[in-house]
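We just call them A, B, C and D in the order they show up, numbering each chain from 1.
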């Protein structure tokens, strides 16, 4: 079956959750990856949302992390102060799964401003939300984002969330692991190293044992297209 | 109608709550006074219990501040961290109503140990419970206790709760207000100044406008004996 | 609503209309716009479309927040126009920081300690994010100061006439924002007998003794949602992207839907009765538990 | 219960059996006595009769608490005999201080700030009550350090097999004590289907991911109570005053009711079926709320 690079990215993100028990789900694309993971590699994964939900089992694809479908049928719904203090800061979260607007070679994430002057930004981004808190308190952090020279930069304009806890970045082109700096460890099928280099704002370090990501299976694609996101909310 | 000194004390304690909106109810005798106040001088008073209850309306006399009858029909039941942080420390409590084992002329309360050596007490008392917290955070503090040379002392053996916030002490003999030091402002009917002096471990200061407490009304006594404490849990 | 907002919200106030995606009192926000309040400091974790409308209408001089976007859609353009230009003040935190500010306010504490902000640039642009040292092991953690709104407005599923308020679903930080506030307005889908509240005391979000006004305003959270009552109107959130991009369109929208309606009943009448048909979920009952009648 | 206590409670552990008057797991406490655990540090706001029994049975070397009494009755004599004598360690706080210790543990914070202890002698006898200075206004408040029990045991009305646990009535600081703990045992009146829990997510006290063992043990809180299930057995609390005063009587009681019974079912059988007749309240239903079926 043919597939888009966004689908490959979402599938690779889902697979990265294999074996993880508790995932803190960030805004945007991570939502569809965790939904796929829950139906494939991680059926017992507990999903935690900064909106105050633990153990969500949504009957439809949530359009945001505050969607009512995340509450109905969940294990627990609570105040945010409880969620941030006891669940996240308390150390229950294995992996925080985030999106990002801009990221650098050290894994620092910028979701605050584009431009050098905070007070007079070229472009105002949404800000931290829970990202800065998740980055410091989750066992490890995965980032899921499209890669380009604009988003993959040598040095972010503003460090919203420190790269310290980041362990893995999944993009539409491949996958990076956090070593001394972000290191390319997998290329998605059909993507060349040159393409990755062209879409990265620094000289990419490539792992000695670079692998090719297995293509999405028919079942993964079927789940994405027919069950999880038939209206193409996340996938288009 | 004849009445006991304990009944007079409980009635005087209830009357002291007139005009108060939010009362934090301590362990022991305060329970029966607030129950009486709720049926007489303060029908709209909101009762808060350290056990985690706001707006209790018990269908029977609670035997302790953790009695299930305090929860059924209450406005709110919550965790203690919420109660202590948002209700008490948050400043919602007009008056904290406490019992005490030992009290001194400055209103300091001891409910911890009798004897000079904390590590080897002559007699171990229950300790603070919420009293130390209430003393500092309630708008004002009332103490309800029987008075004797053993309980009314010049200097308490241990300051469990500071006398700073204390404004009034109601005993079986009369009533004291906090001025520079505790000052007798009312004598219960039939009690003499000499009796009070004999039951006080320091030289009692007496207010220039000392009054006599009005005796319990028939209705107050009827409520106490027939409705609130027919089995004499608190009154014997 | 008119009286509650007129009496309790004053020009220059610090105002929090809280609710994380869920239970956002658009009706109260619209009334603030109708009454042309000015110079407000607006606080919210997620300013959402309601603050885009308020700020677009010119009621605010400052915004305190932690995530600035139209959830699931994109940007809040009216806010961004002001933020990217000069003269409008912003103060930003992470979600945990904002939650902590309300919590410190509710608990009357001088600061709220939290583990966040290490190696982040946020403390360099916000002097209200500082460090504090533990008196036990000497460890340093970050801290934020209390936030005490002059007025907090929360929407909930139900309250009694005394203001005893219950909510279910996402609870956000409404409790903390309300306890932290000097004045509290509660807006509800249903005004119920006191006995309904007292039947389930563990469900209570706020006691009446903390509430200054109760307003009965069904569907007052539209286009956000009220769990069990109606769904989020995602079409509206999508449509807002287009309206908000163009100041003229935004003004026309405010004229038509806010200034052009007398109150939220007028706004609903404009939407039409059938509007909520496909926003109404099938029932999913919680079930009942037994508190026991102890006497 | 036997396996849960054998696996999860170890000699030398710091153990918290929490529950404020309500939902105190006497059944778990008795099993700890049966298994003759030793050198425990016992934590509880209100040690209550269960800790008088545990300490009378010799399982503990230290007690951390905030109110030491038999509520509504008088003293805990077994505890007092040890506390007034040499060799037994105590560490005491106010209730707020104990609650704060659990809360700091649950939130993985190095300290919990609170307004209490000013002009009290408690900080002079407990070095764990110190001051901390606000990095904002320089105000000094008191602070207590986190408490991390090795094991916390809570009793609740119901849980599913995954340990997702719900409770109602007084909630004390069970949530904080459990989140603060390394290992958690939940003991319940009813083991229910997961769907019962998921029908009312706002009622959840603890998620299964924080729970290591679930034990189904009806009436396991006797002589304390379970809201809606049975009342507090005040006669027993009164009777304990007499038993606890005399070490020989206490030992005989433990021999008969704890060591002489195989488990809590045996203890209940000794009480007899009709024992709970007048401890059972008439129903007082909470009523149901609607979460809405969103799909």
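We adopt the following convention: a contact is a pair of C-beta atoms (placed from the backbone, for glycine too) under 8 Å apart; a residue touches a chain by one contact, two chains touch by 3 or more.
It should be emphasised that the depicted structure is a prediction, and the values quoted were computed from it without experimental measurement.
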Reaching subunit C from subunit A through chains that touch each other, fewest steps: 1
Centroid-based (C-alpha) most distant chain relative to subunit A: B
Separation of subunit B from subunit C, taking each centre as the mean of its C-alpha atoms, in whole Å: 40
Gap in Å, rounded to a whole number, between the CA centres of subunit D and subunit B: 28
Subunit A and subunit B: spacing of chain centres that average the CA atoms, whole Å: 58
Multi-partner residues of subunit B (each touching 2 or more other chains): 53, 67-68, 71-73, 77-78, 89
Residues of subunit D engaged with two or more neighbouring chains: 103, 108-109, 114-115, 168-169, 171, 175-176, 199, 202, 227, 231, 281, 284, 291-294
Chain-to-chain touches, reported pairwise for every pair that qualifies: A-C, A-D, B-C, B-D, C-D
For the subunit D and subunit C complex, residues of the former touching the latter: 108-111, 113-115, 128, 130-137, 139, 141, 143, 145, 157, 166, 168-169, 171, 196, 199-200, 202-203, 227-229, 231, 281-294
In the complex, subunit C residues that touch subunit A: 20-22, 45-46, 65-69, 71-72, 75, 80, 83-84, 86, 92-97, 99-100, 102-103, 114-122, 125, 168-173, 175-176, 225, 227, 231-232, 234, 281, 284
Interface residues, subunit A side, partner subunit D - complex: 21-22, 46, 53-55, 57-60, 67-69, 71-78, 82, 85-86, 89-92
Complex contact set, residues of subunit B against subunit D: 27, 50-53, 63-68, 71-73, 77-81, 84, 88-89, 108, 112, 118-121, 123-124, 126-133, 135-137, 158-164, 233
Residue numbers on subunit D that touch subunit A, as the complex places them: 103, 106-109, 164, 175-176, 179, 197-199, 201-202, 204, 207-210, 291-295
